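In the part that follows, the structures are each spelled out as structure tokens.
Across the two complexes that follow, subunit A remains constant while its partner is subunit B and subsequently subunit C.
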Partner chain A sequence: MNRLVKYYWKRTMRSRLAAFGLVYIIILVIVAIFGPFFTGDPNAVNFAEKNLPPVGFSIEHSVYDIKSGEFTTVVVKGSLKHPLGTDDKGRDLLAMLVSGARVSLYVGILATGLALIIGSVIGVTSAYFGGVVDNALMRFTDIMMTFPFFLLLVLIVFIFGPSLNLIIVVIGLTGWTGTARMVRSEALSLRTREFIQALIVLGSSNKRIIFRHLIPNVLSIIIVTATISIPGVILAEAALSFIGLGDPSVASWGRILNAGQDSLDTTWWVAVEPGILLFLTVLAFNFLGDGLRDAFDPTK
Partner chain B sequence: MREYILRRVIYAIFIAWGVFTLTFFLLRIGPSSPADKYLATLVAKGENVEELIAAVEARQGLDKPLYIQYLDYINSLLHGDWGWSFSTSMPVMELIKIHWKYSFQLILLSMLFAVFLGILIGVYSAVKQYTKADYIATFFSFIGISIPNFWLGIMLILVFSVKLGVFKTYYDTSLPMFSLANLKALVLPVITLGTGSMAAYTRYVRASTLENLRKDFVRTARAKGLPDRVVIGKHVLRNAMLPVVTIIMFDLSGVVFGGAYLTEIIFGIPGLGQISFNAIFADDYGVVVAVTLIGALVTLFFNLITDIAYTYLDPRIRYE
Partner chain C sequence: MSLLEVINLRVYYPITSGLLSKRIGEVKAVDGVCFKIMDGESLGLVGESGCGKTTIAKAIVKLEKPTGGRVIYRGRDINSLSKNEEREYRKEVQMIFQDPHASLDPRMTVGDAVEEPLIIHGVRDPEERRRRVEELFDAVGLEREHMRRYPHEFSGGQKQRIGIARALAVKPRLIIADEPVSALDISVQAQVLNLFMKLQKSFNLSYLFIAHNLSVIRNTCDRVVVMYLGKVMEMTDTEEIFRNPLHPYTRMLLEAIPIPDPQRRKKRTFPPAIPRRVIKGCRFWAQCSEASDRCRTEEPEMIEVGAGHYVACFKV
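Take a look at the complex of A and B:
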């Protein structure tokens, strides 16, 4: 392993919370990739097994008996066949949540990647050319920053129809402003730093300066930005699905939450379970991002 | 100073223009035109559609070239005419006049909740650094930052409304604006909207206070024999609040547009978020443009206030 990577790895893992975050994320990625091969079809409807609580919980159902014409209360217990229970259509929640993990990570990683690329290009271009180009790009960045991001997302997804890839593109195309500003200011300040000036005086090649010194310095910022941006993107997609504008062809956490909200008084677990996963995922990325930021901060 | 404010105001107008332009063209390049909704109702009535389309488009100016429509729109906006809302059959301005109060009270109370508790917990946590109280505060602020606010809202409804029955599941619009009952109805929405911000402020206040506690002037103040109350309350807090003001203002636009929007939908509060949400689904574009623009103007206004307030809060900052 590269000596630099090893050094930062050790510094990041010093934080127990960051290590927890990383372990959780790795498990989530493995589940998202391989999980769907082991769980059943998340869209398989089975009304015979609807509204089953998770294992260890039981609820009381009122059942109408056709023969006697009376209502009887039946206690329904969760079974190992559906460890996390089923929703009002009898779909297995475990299968839905595993499929939702795939959707969340897919959106989170791709949209963040797109935003980082756009932001870095705009930031570096702005810093490199300066003058009119810098001014125009930064004013455009200001407008995009003031633009109500979530409203825009709702608007575009409503106009062009809900599809996962459109959501990714829109988040990517609107989420780059923070990165652009940070990369620009970092690139501007790096150019004038003493160690870069010293390298020029000492006769280092441009290639060496760029690859050994400039990129590692900006890279740390990009890595931290990526880690702390991903949960925001995951939440944006979940919120969008939650208000009914998610891609209807996939079972995402936000869509399960949306369905669960309408039946809080009976099947509470449908709303609780995707939220817990969403919360833990955001928490894990925040812990890791915090650890990485401290690791890359030479004053700590 | 006056020149600086003037420059900032002009810049804010420029940004507002940019936001308006983006919204306008986004709405027009979409596949569904504002006339479509009219069309559907007219077909249902069995009228001669071809003739009426032309008439309706002419009346709304939709037959003109796009850039003329754009200029017309700006012209009427500048004359105080914000257009007509098809879905609610009233002028957009009237609609906003009815609904803005609900958003305003929700956002105001949430911000008060977040700022007050955030500063209190943040300062306490910094002063008691590395004690049990500090760890607990840090732990809960991490949870507060990470908890999705729309899920928090649902969980609050589940626990306090469905299971315990303390609050209603829906916001009761018949309650008068300034009443205790209304305040009670807003408890869950305010916690839903304010928790994330409060947790974030706690972290920033803590970091900022810690930084200032190490400064030389604090050591001087302590050496003079000033009591803790004065050292923390006067010397540390005033300096620690400077960066926090910026964070709060930056966060405000997120609260206005993201959090309030979802909170209003979850609790059925008929504020601007709710009406713009309905307007998007009804293709009622005048309302969408108006809410977007108002939100942007509010954000810009508070940014401007922050920058001006800074010159008073920190005498080292001088705008030439």
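Take a look at the complex of A and C:
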């Protein structure tokens, strides 16, 4: 392994929270990739086993008995067959959450990746060339920033219909502004450093300076921004699904949350479980981001 | 034959203000400077901070666009070169920077940093590049084993040696050294200066050696140009400047050289400089002990007082 990478790895792992975040994320990724092969079909409906609580919990159901014409109370216990319970259509929540992890990470990583690529190229180009180029790109960034992105998302989903990839593209194409700003400010200070000037004196091409020197030097900022913006994107998708504008063909955490919110007083686990997962995931990415930021900061 | 000629070079920076960046004035960083560098010569450029030394260096390596005047390299104006000529120029003229730390990419091994100029200038064979980098490491007195280390693992003097190796990689003829030792410890300064002199012989180099301290120039340069606030005050051989300094500013600079003897304390208080925009006439009169009324109204021309000894002062 590259020695610089090793050095920053050590510094990041000094923070326990960052280490926790990383471990959590690694587990989540493994589960998202391989989990669906082991859990059952998340869309298998089974009304005989509907509204089962998670294992270790029990819940009282009022059941109308046709013969006696009376309501009787039945205690339903969670079983190991559905360790996290089932929803109102008898679908296994574990299977749904595992496939939901796949969706959430897919959205989070792809949309963030797209936003970061656009943001860093615009930021570095803007800083390196300066002058008119800088002005034009930064005013464009300002305009993009003032765009109410969530409204745009709602509008586009409303017009074109909900599709996961469309949501990713929209988040990616609108979410790069902060990155562009941050990368630009860092690249601006780098540009005046003497090693960049030395490269110009050596006759290096702009392409080489930007891709071999400026981008590697702003990489720390890009990585930190990535870890901090992934949870934002995951939450945005969840929020979109929560208000019913998500892709109905995939069981994302937001959609499960949405389905569970009506029956929070009875089958609370349907909403609480994806909620806890979202909370932990966002927290883990933020911890890791904080740890990385501190590791890259030489004054800490 | 002169290798590089600077003719009436002027570099002004605009002072802007307000939302629309209205130009309200300008700083004349370099205000009509002329000098020549002969083939194989090393020319010293001295003057205090902010007198325009670095700006001249940047104009020569085309990091700064001159407001007026010309820089002629081997008979060609460097600001009207074709693409191929520009490429050639970028190989023949190299710069060494003041801050050795900032002049290396912190995320690139020093071996890669020295190799990079070879890649830029189209040395395709990796074996040959490797061999050349090893030779350069030997030439500047660095260990070959250090090629895989990163800049932060080196001392200031070593980093400056790496910077020198990188500049030498393209086999330049002229090296612009912008205060190459002023960021280093005194003990290391001498080593790096000796390296400069050794390399001049073995690589057949010419130098433009910038310093704010005449003692650094003494052993390294053939001729000296003394600058003050964007203009040349005096220009002559190094020996002559120490034996027979004519301009009051040169004498002031010579007096500022520290003497390693605690018994010999000198009075070294000089009146503060006045912002140049306020001054008419000679730009040095406010600090000059010999200033007359004429100095306050009229700017002295550069005159040749002896063989190759030029001074811009009414008093000589």
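Here is the rule we go by: the second predicted complex is superposed on the first by the 277 of 300 C-alpha atoms of A that agree within 3 Å, B and C clash if a C-alpha of one lies under 4 Å from a C-alpha of the other, contacts with A are read in each partner's own complex, and residues count from 1 in each chain.
Heads up, the rule we're going with is that a residue touches a chain if its C-beta (ideal position, glycine included) is under 8 Å from a C-beta of that chain, and two chains touch if they have at least 3 such contacts.
Here the structure is a predicted model, which is why all the values come from computation and not from measurement.
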| item | value |
| --- | --- |
| Contacts of A:L202 with subunit B and subunit C, given as first, second, both or neither | second |
| Subunit B versus subunit C as contact partner of A:F287, first or second or both or neither | first |
| Which superposed partner A:V124 touches (first subunit B, second subunit C, both, neither) | neither |
| Partner chain(s) touched by A:F150 [first = subunit B, second = subunit C, both, neither] | first |
| Partner chain(s) touched by A:A238 [first = subunit B, second = subunit C, both, neither] | first |
| Touching partner for A:I159 - first (subunit B), second (subunit C), both, neither | first |
| Touching partner for A:D265 - first (subunit B), second (subunit C), both, neither | first |
| Touched partner set for A:L278, first subunit B, second subunit C, both or neither | first |
| Broader residue contact with subunit A after superposition on the shared chain, subunit B or subunit C | B |
| On subunit A, the residue positions that both subunit B and subunit C contact, one per complex | none |
| Subunit A residues touching subunit B - in the complex, by the definition given at the top | 17, 139-140, 142-143, 146-152, 154-156, 158-160, 231, 235, 238-239, 242-243, 257, 260-261, 264-265, 268, 271-272, 275, 278-279, 282-283, 286-287 |
| Parts of subunit A lying in touch with subunit C, wherever the complex brings them together | 3-4, 193-195, 197-205, 208, 213, 216-217, 219 |
| Touch list for subunit B against partner subunit A, complex | 14-16, 18-19, 22-23, 26-27, 30-32, 142-143, 145-148, 150-151, 154-155, 157-158, 162, 169, 253, 256-258, 261-262, 265-266, 276-277, 280-281, 288, 291-292, 295-296, 299-300 |
| Subunit C to subunit A touching residues, read off their complex | 61-63, 86-87, 90-91, 93-95, 97-99, 102-108, 116-117, 120-121, 150, 163, 166-167, 170 |
